[in-house]
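Chain lettering (A, B, C and D) follows the sequence in which the chains are written, and residue indices restart at 1 in each chain.
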């Protein structure tokens, strides 16, 4: 007895499956830090998501109110440990602005070079994370291998590997060393070749591409309204980079390009970051030429007063992950009255629900890797 | 040893038999068998455990990057058989490499309970040792040892990858001591 | 009875003339070895008993034909398992070293250039506490592990290493192995449910999803190979590739089968059932200690079987082409294992170079790429067969 | 100037004039630097000002919502970006201590959602109209507002 097709159709529509909440984190290999993403699954499809952060919250801003100005520089290093120099740099810029202090040109160039090295090492860490999230350990280890050379450059520059404690209010701690001067160009040349190897591993493989293309799509308006910044935003067609459009330090004197792609999926975010790696290499080379032209005996640090006059100051800079901003309220004493950090990942994480809903659970790690999690700055 | 019951063993109920036999085995073991077994097998367990340390794949903060760098080609912790497993059930070592906020404190305790015995805890970096730069924070726990017993402390802010490998070699010594003391038949 | 030397009790008789000989006319090397071992053990035992109690019936019973075959079979099992076990451990070692080199590092260095690493891992898992989560379904949680492991060991032992090194020599041997091979995903599905963990559940579902996508093309390919050889007997299929391996007429089939075999062994890029990035450890999440160690071992047994299947069907099994029979028959088992490890090497390189596919993608690949390719392969073989080339 | 027109790349001077004209002097533009405009806004007007900035001056992105405890009063500072010319407007709103309420702007910029939640949990400033004003970074059990000046850290006098 053949049943009507419509009857079967009606029956299967009633056959609803239970949705289930899967809590990914805080100990989960995809999290690359310490956060939780609760996802509601219908089979493998994500129908709802809720990010939970705060596992690394230690009241950074409140603690800064308990430190003198000079002591906050190493604290700022530990905000975003993958690109430690950017935050201490931003902090010094903010205090200098509140002081009205001019920084020697050489120090500005050195800061730019250090920032870009940070950007490269941070992006390499991100590429490594993308490799593990896609299930390939080779990318992870090759990126970590390349990252070691940049860590070596930091050692040459200031003696530390990760948390460098290098910028100072009014300049930088020390002039570039001879070893750094010698190795930086070699490192850049080696890296531009080695990066092609890693990129070839990913771009020549249709599996990598099919995992990244067409996932985590946002429109430009959505992206901007959600407050996503940085390479994730430029992969969505927003042509904005603080280094170029609101220049700080000497970025307006250095020629570089800002990669922008319009697809708005994981692959375009990936491409933007990879292109940024090459651009950072260019910036380093050009800035190093300027530093050599300035000469060895030029000043690299001006003395700064310990007390900051009452008032407010705001500074922002292009972090490897997006727009970071510091806002200082000073009351004339030796300690900040209020220091606020705007971290790009804080806002980017809050946008994770529209990013992952509608994709499959296997794509969630890849999509979230594309905004490059760094929870130290998120939770502060 | 209560051997007088031996002839009646066939006539015992199941419960009686279980209690009687386990008591007998315990007596046997305490009479030197346990020590001998431990003495003979201890080095084997110790060697196996030392060379197959599986830390929990869990990155908290700054030191997590150095943990990743330690397994990278330059430092290559896999030479010592260290592989990171994601499920706490399949790991031996809880490696905590970051500051501990009040929100994560219960989770750390839970992860520790989920790791099967024998297990070890490594506190990596200043934050996990004593709170580090966040000594006056209202939301951090000042040191991992306030939550779980810690075996090895690896200082550094962040600890370098080679320091981390050195810490794990210290842990190997501790593992060796643990097994030579004789623990196999304890559970 | 007078004193008899021990040599009188150990006869080293011809096994083929034993009326209880289990392999029906085929010479079996491991059985020969174990039979002779038993003759030494049993004969020595019989001699000892006879020394104490001369003329007793037990001694003559111990060296009777039936007991010799029975005792020989017990040792035979141990010999067969040990060879497969060591072969698998070597493939494990190969994976860690080769993968290490792919990733620009040394791999593990524990004892004998890292070979003892897997031993250390194994011993360690045996020593760990046997934790069982509170809310698991106890029965299925336990028996699925034993079945996954048992089935994997069974098929690994059933793979013949040469025409003199086999366990069974049925005419449908290939089908039996494939039937057992396809069983494990069911146990994984049940185990994923039994663990009462969401990651395990999704992992189990994925194992089932994975199976429906590669099993059909794989069976078509096996059918094609047996069509080419005209038999389902493994020995005959290998013998049919004495000089020209089947990789030449069935090159498309080889590539497809290699990927299907990778999926069967649940290795990258098809390890979606234990996808680390999103499912922690997939269906193994709640297994601890010894159970987990056995699961890992079973994984590698299945990897070994996959590679052995590729070797048997496409790479000429234990034969070396264009050499005389005397060279070919010298150590065919080693040739077979070397070929198997070479296929495993290919799988390791695939693992080093590729990323994990998604569940919808694997179903797509299975039905839209592997399936047509296997049919094309089948048509080519059919044409060759009709054209009289084979 | 036409206060209802849409300006994609308003200059600093234009922003000052437009804000003054639109809100009849209630929005006080205190300072202008290159690509920076600083203004103080009365508490009642903040939502309207934000809406106007977003719709007519194409300031598409909100950087931060910052809370400051000035002891005499609470203060909320907004930083709002224009992606076309890199201009930032800083809006400062003073709130009395005894009535810490201000209108939420997370319906204009969804990105402001978590910043407001953070400011709420750390300062106790309540954003009216916020979809889900709950604790974000600190544990739910906290009953104090740690960033208020009345809460002292260890070693803070």
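The rule we apply is simple: a contact is a pair of C-beta atoms (placed from the backbone, for glycine too) under 8 Å apart; a residue touches a chain by one contact, two chains touch by 3 or more.
Owing to the predicted nature of the structure, the values given are computational and were not obtained by experimental measurement.
Participant: If you check the contacts of subunit B and subunit C, which chains show up for both?
Facilitator: Looking at subunit C and subunit B together, the chains touching each of them are A.
Participant: Write down the chain pair with more C-beta contact pairs when A-B is set against B-D.
Facilitator: It is A-B, judged by the count of C-beta pairs in contact.
Participant: What whole-number Å value describes the gap between the mean CA coordinates of subunit A and subunit B?
Facilitator: 35
Participant: With chain centres taken as the means of their Cα atoms, state the distance from subunit B to subunit D in Å.
Facilitator: Chain centroid spacing, subunit B to subunit D, equals 50 Å.
Participant: Approximately how many whole Å separate the CA-defined centres of subunit A and subunit D?
Facilitator: 25
Participant: Provide the C-alpha centroid distance between subunit A and subunit C, rounded to the nearest whole angstrom.
Facilitator: 48
Participant: Specify, in ascending order, the residues of subunit B that touch 2 or more different other chains.
Facilitator: 72-73, 86, 103, 136-139 - these are the residues of subunit B that touch more than one other chain.
Participant: Note the residues in subunit C that touch 2 or more other chains, in rising order.
Facilitator: Counting only residues that touch two or more other chains, subunit C contributes 103-105, 276, 280.
Participant: Could you list the positions in subunit A whose residues touch two or more of the other chains?
Facilitator: 28-29, 54, 57, 59, 62-63, 66, 141, 145, 379
Participant: Determine which chains touch and list them pairwise.
Facilitator: Applying the touch criterion to every chain pair yields A-B, A-C, A-D, B-C, B-D.
Participant: Looking at the complex, which residues from subunit D come into contact with subunit A?
Facilitator: 35-36, 60-64, 66, 68-69, 77, 79, 81, 83, 85-86, 88, 90, 109-115, 118, 136-139, 146-147, 153, 155-156
Participant: Okay, in this complex, where on subunit A does subunit D touch?
Facilitator: Touching subunit D: residues 53-54, 57, 59, 61-63, 65-66, 224-229, 238-240, 242, 245-246, 314, 316, 323, 325, 327, 329, 337-338, 340, 342, 346-347, 349-351, 379-380 of subunit A.
Participant: Which bits of subunit A are touching subunit C when the two form their complex?
Facilitator: It is residues 20, 22, 24, 28-30, 41, 44, 131-138, 141-142, 145, 201, 205, 207-208, 210-211, 360-366 of subunit A that touch subunit C.
Participant: For subunit B, which residues count as touching subunit C in their complex?
Facilitator: Subunit B residues touching subunit C: 44-45, 47-52, 72-73, 76, 78-81, 85-87, 89-90, 92, 114, 116-118, 184, 187.
Participant: Applying the document's contact rule, which stretches of subunit B touch subunit D when the two form their complex?
Facilitator: 102-103, 135-139
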